[in-house]
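Paired with subunit B in one complex and with subunit C in the other, subunit A is shared by the two complexes that follow.
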Partner chain A sequence: MERLLRRFRRGGGDPNATRIRRRQTLVRHLSNRISLINLALFVAAYVWMLVIPFPNLGRFTYIDENALQPGQVTAYFDWGNVHTADLYLADLESLRDLNSTSAERASYITTQFKRLGILAASQAYEFDASVGSLKGVNAYAAFPSPRSPGTEAIVISASWLSRSGNDTLNLRGIATILALADFLKKYSFWAKDLVFVVGDGYLDGMQAWLNAYHSTPQSNLRAEELTLTSGVIWTALHIDYPGHSFSHLGIFHEGVNGRLSNQDLVNSFERIARSSGVPTVLYDHIDWRDNAASRAELEIIPLWVPSFLRDNHDVQTYAFQAKNVLRHVGYQARGKPSGVHGLFHQFRIDSFTIFAVPATGPHGFHAIGRIVESTLRTANNLLERLHASFFFYILTGPYRFLKIGLFLPSAILISVAVMFSGLKIWTDAGWVPDDSPTDSKTNSPQEQWTTRKRPVLSVLRVMVLTHIIGALVFWLITRSVVINSQLLLALIFLGVSTLPIVFVTLFPSPSAAVPTSSVLKAFSLCLASTVISTTAVLNFSLAALLAILLGVPMTSARRIDSVPIKVAVSLVYTSLAFGWLIWPQGELRSAIWNWDILGVWTAPFISIVYAPLMLQSSIVCLS
Partner chain B sequence: MSKLSSSLGFVVPAISTCKFLAYLTGIPDILIHDQQLISPLTSYFRLQEGLYLFQNGIDPYDGGSFHHSPLLLALFDTMIPTSRLVAYALWCLCDAFAALALVKIWRSRQRVAQSSRDALIASAYLLNPYLLLPSLALSTSTVDNALTLLSLSYACQGNASASLLLLALLVHMSPSSILILAPIILLLLSDPLSHLASPKLFPTGLDRAVPLLFTFIIYMGVLTVASCIAAGNLLWISRSWGSNLMLPDLTPNPGMWWYFFTEMFDHFRPFFLMVFSVHLLIYIAPICIKFQYDPLYAGFLLLGVLGTFKAYPTLADPGLFLSMIALFPEVYPYFRHPIVTALLHIHSALLLPLFNRLWLTQGTGNANFFYASTLVFACSNGAALIDCIWAGLRIAVGEAKEGDHVVQE
Partner chain C sequence: MTRVPTFLLQVIASFLAGSCLAQASSSSGEEFSEELQIRPLRDGRVASTFSFRTFLHGATPRSPESLGSDDNSQHYHVFPLALGQILREYAVTELHLSMNAGKWNYDEWGYPGELGVATGAELWAWMGEGGISTVDERWAGLRNALSGLFCASLASMDEQRTTSPLMAFVPEGDLPNWPGPHLLRHASLPSEHVCTENLTPFLKLLPCKSLSGIASLLNPHRLFDADWHGMSVHVLWHANKGVEVGLSFQLVSDPLRQSSSKRRDWSFQSLFDRSIDNRCPVASSSTINVKLPTEEAYSLEPSPSSSDDGIGRYNLNVEGHLPSDIAMRWPSEFQYPLGSASVPLVPLALQRTLTGASQANGHLALRIQNRLNEELRVVYLETMPWLVQFYAHTLSATVDGRKHAGLISNVSYIPPLHHSRPTTFQAILTLPPKSTVALSMDVSKAFLRYTDHQPDAQRGWDLPSAIFVPLRNGSDRLDGHSLGQRIYTPTMLIDLATPDFSMPYNVIIFTCTVMAFIFGSVFNLLTRKFVVVHLDDQHKE
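What follows is the complex of A and B.
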């Protein structure tokens, strides 16, 4: 033992000297290989991201909350109720054909609720957003629970417009709601109030209704107060049934600002639908192997992939799951709700959209009615809110998912690599090779290094200024004059493109010996890493996107000597930072609309956090 | 205040005016319930509630919600109107006085009438987000911080009576601040100049501390009697002072205590309450002995201990410690890992509100999330404290020669 210890403390006597020597060796080894370590981290992270849709990663979904007991009840919704729904549908279709106004529609719906003996009311609203104004009338009804004092509620909702776009109407969804109201009120087992909401428009109506329900004022919204209210809403089901019939039921679960609904609720619905004989899909992605008609979906595998791979089952599954994951990232990273259900998430309500994927058959009102009934009874079983940490997941298919530990590290690894490069640059900036002639006594074979001062305050000033400029740009693009004019946006872009040059001339390095550009790069890398790792818990998709956008570009930004090249490179960085001002146009408009109406913070986040970080890289190149 | 350098004369009023305007924009209404900025012991909301009960003839200490000192109760009941505007002005004034006190401490430490660093030091206090936000949330920790700095500043000038009176007031409002009694007495017996680079034994005998201690005890006694008269009974002692020891209210805060005691079985509670309270006290002697040549630095370190480990901290407590770093530029070159500490603080400053929101607003996280972020925060405060202790000791060794290393045995 003693011998072993002695060998361990090689170099003999003083344990402190040994310790210092050992630490120096370790630090030297690490810092010599830091670029290798960073490369390994980057590669590992990107590979990890590519592996996320892998068929064998993740696991089958399960129900965590035992109280839910999905599919354990007999559904009573029958063909008589289907007939009722058909009658409502006929009325709604005639309203559509008459080009009726919002108020007329709302009054029809409230009348129908009242004829069922349920208290109903309507609510007019008007949004005044920078992208344009919107108005409409919502109709809603509250059925008090026969078994409890009405402190909790479940919402069943539909919107006038369907999520499938092109002004498709959700008439069958609304007819389902009315038929369900007629049917559900006959039963006494409801322990929670049932609130039926038919929102006007697509997202706007429900946003106005929810704001009024929770008494959260929104400055650009003028809405009537609700005359009927109920308890705390725990669960909300949104029904979207645009076609004549449907083949699959699709699940949309992403909410505003990337919040997901509790997975237990989605899983329960999935179980119930499947056991009722209706296949489920994620979004409207039908697996082509289930359905010969959707063979076209195979197109997602590029044509250059050799056919033996294209026909391989695992490759096909990978491609299919990758499509699901990409769609999820598209919604979550933008902070955009994937349907009307997403608005409920702002108020801590678990909800998802049941989307009836349009097809020629075989399912209709009968299937959706029974499945919604059964899902409502499952939600009715809850004695406490769905809790557990079942909010952090990626669904790769309707019944396969990844837990947080299987995807979070991919973004974190990039953030670690970025942090390492930042710290390395910070340390390096503090040392400079000593040029002064060394006297013969200390003339060692090693290079001599001396420390130098690093300009912390001036660099911080530049960083703060870039973020303030980001905030200014954000303020500008939320003015309706600016957002509606292509020309002004292009002018703003031109303005910000000159910023790096302005910064370099306004805050020049006092001398070549002062490492301003290195310190700026070090600080902005550290800040970028912090932003990526803290965002990861809130919104993984956004963090992953930031990691991809910021990671390699920011670490590879460096001071360039040749003037034309450095101007060109810095322009590339500026376009990466603010390019979204001019392209793609629709994206910016929808982001601003989402911020104005729904309070999605992607637009401010991109302009106040992301763009200034890129701008700092651009300044690094130029200085 | 004596002659202020022109930039200081501009900076403090300018920032205070901006802050007063910020108050008027409605920001306090958003922040006033934020768990990171106010604790049950420092909440302005609870103070108003207690005041309302008091003015309506109900003993505010009878319920479980009021933990403020009776002195505050008496002050707001008799002298200061309870309108919001007055409170805004009062909080702005407190911060301005605290910033000026910090500048005074700096001047007496440097033994100069004014310096070019004055404005920087005042802004380091006024613009520190950890101090600015609690102040915007009308947390009474702003008042506590002002009292701390004023007491230290009088101690630096050798004004024993004023310093000890302010300290007694401070201890009345926040009893855990008793930690800085020892360094203040040492400061009164010696001088505030920086002796970090040249350690020596404490210049005078400690017998001179006895009258100072007596003065402090007499002030405490007078204030206690005044409190008893104001409150009308003795219930306030257990509800106001006692809550620092008994932790009756487990509302989450950025400190280390609440989560432990939500998880604790009742029969272990008294033992661990004792451990946690005594833990605060054990730092006094070692730090005061080690830094006997520079009691101001010792007091600064103890404020760091307090910010990390006290029972009901808000961001203002570690914020005071961080802003006071501005007083000791001589130790900066000796910090061991300043950038790591700074990054830890940025991480925790982002994670604290984020996880609080995930747990309480968004509902996707749970208490463990927020607790994890308070642990990160404690780590960053600990890192800052250790960095300052290391640098304060390391400076005495002097500039290292090429290839030399300083180790701690």
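What follows is the complex of A and C.
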């Protein structure tokens, strides 16, 4: 250090030369330690990711938009309305028992709306997807609020199927909607039209309805036009009430392609529910510490953890928040909506699902009715759309969250490390130790380096080809013949596994002197870094996942001389790239379904961007 | 405590008024009449229309030529002086102003008693040309004066919102035969919301205020709670008769909203929370007309003094018992109709939407259903602020889903100019019998300067109603006889690209940093002197 400083201070002569020398020294020291810096960046990033669910990180939620005023009104939904809901529920249950068709259900629901004096209509739709076709009939009603011009609207929706899967019906959710329609139309304080939508199926019905409402064409959808329309939809509440009663109200807020709803809306609902005496949870994650009865089944800390840690409050909170964050990443990284509400976000509508966590008690129609009423009053207060930048956040609990600055750097650090290694390899590839006889004039003992040409075009050709192959694979798997056949998928996987060898034989390095492998690695690392950092601001979970999958594997890919080892390693990379073709079948099918019906970008992104990058690493190993 | 003195005052006032004013009004050629029309609607609601008419016999509108010289003195007894002064100051021949809140439901409520039911404010006037000031100068003055008179933001209906849609708006009265031509000015402001501050000046224009006569029912607490409510002012000139000022208030109340018994029974008490306790002494006629249901049993209390054509009439001006509270009752609970009406109340059903998720372009789509068994020709008028620009060449029409030529004729399109002129699009549509015509047109949305945005920037911009006027029996001439009743579509909201005004500092800091970086680098490169520095020599020393 002393020596370094002395060299820095040593003046004399041209100050410009001193400055240039100083800069060169700095660059030399940094580039000599680049692997150390990269290691530090990787460690910092991975530790940061692990720290995200930490109980002391983040802060309590708050309401930013003053107009919302959550929970400041008296709720009027009373036991008479609960009785109305019970009557609707009885009708719906008999419809279920009669195995009624979609059209019969829609006609029942529209008739009920018309009996209330609210204009109602139904919409038949049919999807042609490669995974299979889907059809159904939606029922919807538009209540023009008194005195208002009807240019803005709030949607209250329920779907026939609940999000809890196994074909659980959301009968109580629909009964709540009908009872609310009967109740809400008695008041003149609505500033926005109320639109009630009962979507058929789970996600498909609402997708068809929203597309028709916004006249967005979708090539594989045939749907009737809507005969009733209202204004611009600002807010949507989706009610999912599958059980007989509920103990907690859960919040689901992830939308298609990782979009999130404005946090103010979610926070308002959370505050209203809690002040009405109903505990809230994130998703359906009930904190096992609140629930002594089912402690054993809810506990998430593995048994091998020593008991002094298991009983520590902070460790328990960490484990619980980690569960929430992992669930969030699971939805966001897949780009898959966590409920029907997720379809609204693409039309700039703030929405979330209110999920009544099934339990034997103590809450029912009365609680959910009052809470939805109060939330609607809050949404009704808005004079402008929610616009403060509350769209980037991670909820670690129902009332704790992380701002963007507290989680975004973890993925960015990895992206920086990957970029550093890429640039280092690119520079290194341009130099080669000079073996030619040394010039007699220079008698320094230092090694002599000379520049050499780097093959940019041939490397770019390989990269473009891999991405084209990715697109081809994507085109293949979206054909219904392929996606429905295990054999064809396995064949495609076998085909792409041999690709690196094909590439190496087709485009061999002209000579050992040309550093094709290094340049390819440099380019693919730079591309990977750019992809990670761009994705980070659009969909943090996807960026974090990419950072983990691409970061260390891609930087450690290098040319191997032993043939059996290099084939084995390249096979590992190919499986990382295209293993999803044969491994989790359900996952692939659902990704393709999401792309076909909902337009989720994950499937094309993985096949066209992620997999080719891994394939390039595989080629790096082989060449 | 205060009831007795006010009552006494009212008695004294009515005596005074009765003895002096009534005498005066008839002698000076002024005549005031009032009428309340109540109509039970098929969806259980009740439409009420209050009309107050003042006739100034023998009067003529002021000619613009005389604007430079002193005007005749204005001595009125029942004619509203505040309005009269405005009309004379700006030489207005015909004036129509309406301010409404809510969305008129033509399918269930039929045609309104007063045609101007566009959401928000609408003002149109016919003014003669000539004299020392132009029509546009007087139109600006008229807007400002009315804005002050009615406490409304009418002044913001400036040249950016003013159009002259001659196809759909024809004079409802007569136009004097002056040397200069008469010009139409029309403007609408869909975001204007009518409320009590507009009603108070409205009531001040009535000779009996809201103290007596049917105007005593105008209780702001109930009027502004109604599903739809609106007020309008009309000034017309009838040749050989005189100037007529019509003030009216319309509302659609929902008795079922308040009642717990699911009955649509109404009475003055239930609709207005008031009753008519005394007559307006200056009114030459004062009548209440109740539309009688034809298909169901009902009871009307007290029974009307006369009834014809399904209308029960009460005359408040005849001596005898004053029907202070009229109530209509039905024997059974109300059932909402499940199907659509067998006989349509209006010939057209309209649906207008603006679609497209992008903030730069959109798509205007209209569905117009002709419910009649005969071909119908309608005038279609679309006026838009300059924020929205139509691509008229993309205009296409289909009939029940099939492309069809020859549906659109007589198109006149005045494209907008940024910051100065609105769009006017007029055309005549030919609608085949019992069919649905779908019109669609691409539109582009303006990119605003940041100073152009409204205070509530993130709400969007209100766009005015489109207007459809059916033409009677295939006539080709457009005048008062061939035009049917105007139908307004609901208004729309448009989202334009809006910066997030809630964080200006972030934006300023960000932009300044980028600018500083660019400037710094460019400046550095431009002013730097490049020289060759020999490092090796230094190294050896």
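Throughout what follows, the second predicted complex is superposed on the first by the 608 of 623 C-alpha atoms of A that agree within 3 Å, B and C clash if a C-alpha of one lies under 4 Å from a C-alpha of the other, contacts with A are read in each partner's own complex, and residues count from 1 in each chain.
Assume contacts are C-beta pairs under 8 Å (C-beta built on N, C-alpha and C of every residue); 3 or more make two chains touch, one makes a residue touch a chain.
In this text, all values refer to a predicted model and were calculated from it rather than measured experimentally.
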item: Partner chain in contact with A:47 - subunit B first, subunit C second, else both or neither; value: neither
item: Subunit B versus subunit C as contact partner of A:188, first or second or both or neither; value: second
item: First (subunit B), second (subunit C), both or neither touched by A:391; value: first
item: Partner chain(s) touched by A:471 [first = subunit B, second = subunit C, both, neither]; value: neither
item: Partner chain in contact with A:27 - subunit B first, subunit C second, else both or neither; value: neither
item: Touch count on subunit A, higher of subunit B and subunit C; value: C
item: Touching partner for A:494 - first (subunit B), second (subunit C), both, neither; value: neither
item: First (subunit B), second (subunit C), both or neither touched by A:215; value: second
item: Subunit B versus subunit C as contact partner of A:568, first or second or both or neither; value: neither
item: Partner chain in contact with A:146 - subunit B first, subunit C second, else both or neither; value: second
item: Intersection of subunit A interface sets (partners subunit B, subunit C); value: 16, 20, 348, 385, 387, 389
item: Subunit A - residues contacting subunit C, complex; value: 12-14, 16-17, 20-21, 24, 111, 114-117, 144, 146-152, 185-188, 214-216, 227, 229, 231-232, 346-348, 383-385, 387-389
item: Sites on subunit B touched by subunit A in the complex; value: 339-340, 343, 346-347, 350-351, 354-355, 358, 361-366, 369, 402, 405, 407, 409
item: Footprint of subunit A on subunit C - complex, ascending; value: 43-44, 101-103, 105, 119-120, 190, 224-229, 254, 256-257, 335-338, 351, 353, 355-357, 363, 365, 456-460, 462, 490-493, 495, 498, 500, 502-503, 531, 533-535, 538, 541
item: Complex interface listing, subunit A residues touching subunit B; value: 16, 19-20, 259-260, 345, 348, 385, 387, 389, 391-392, 419, 423, 426, 442, 526-527, 530-531, 533-534, 537-538
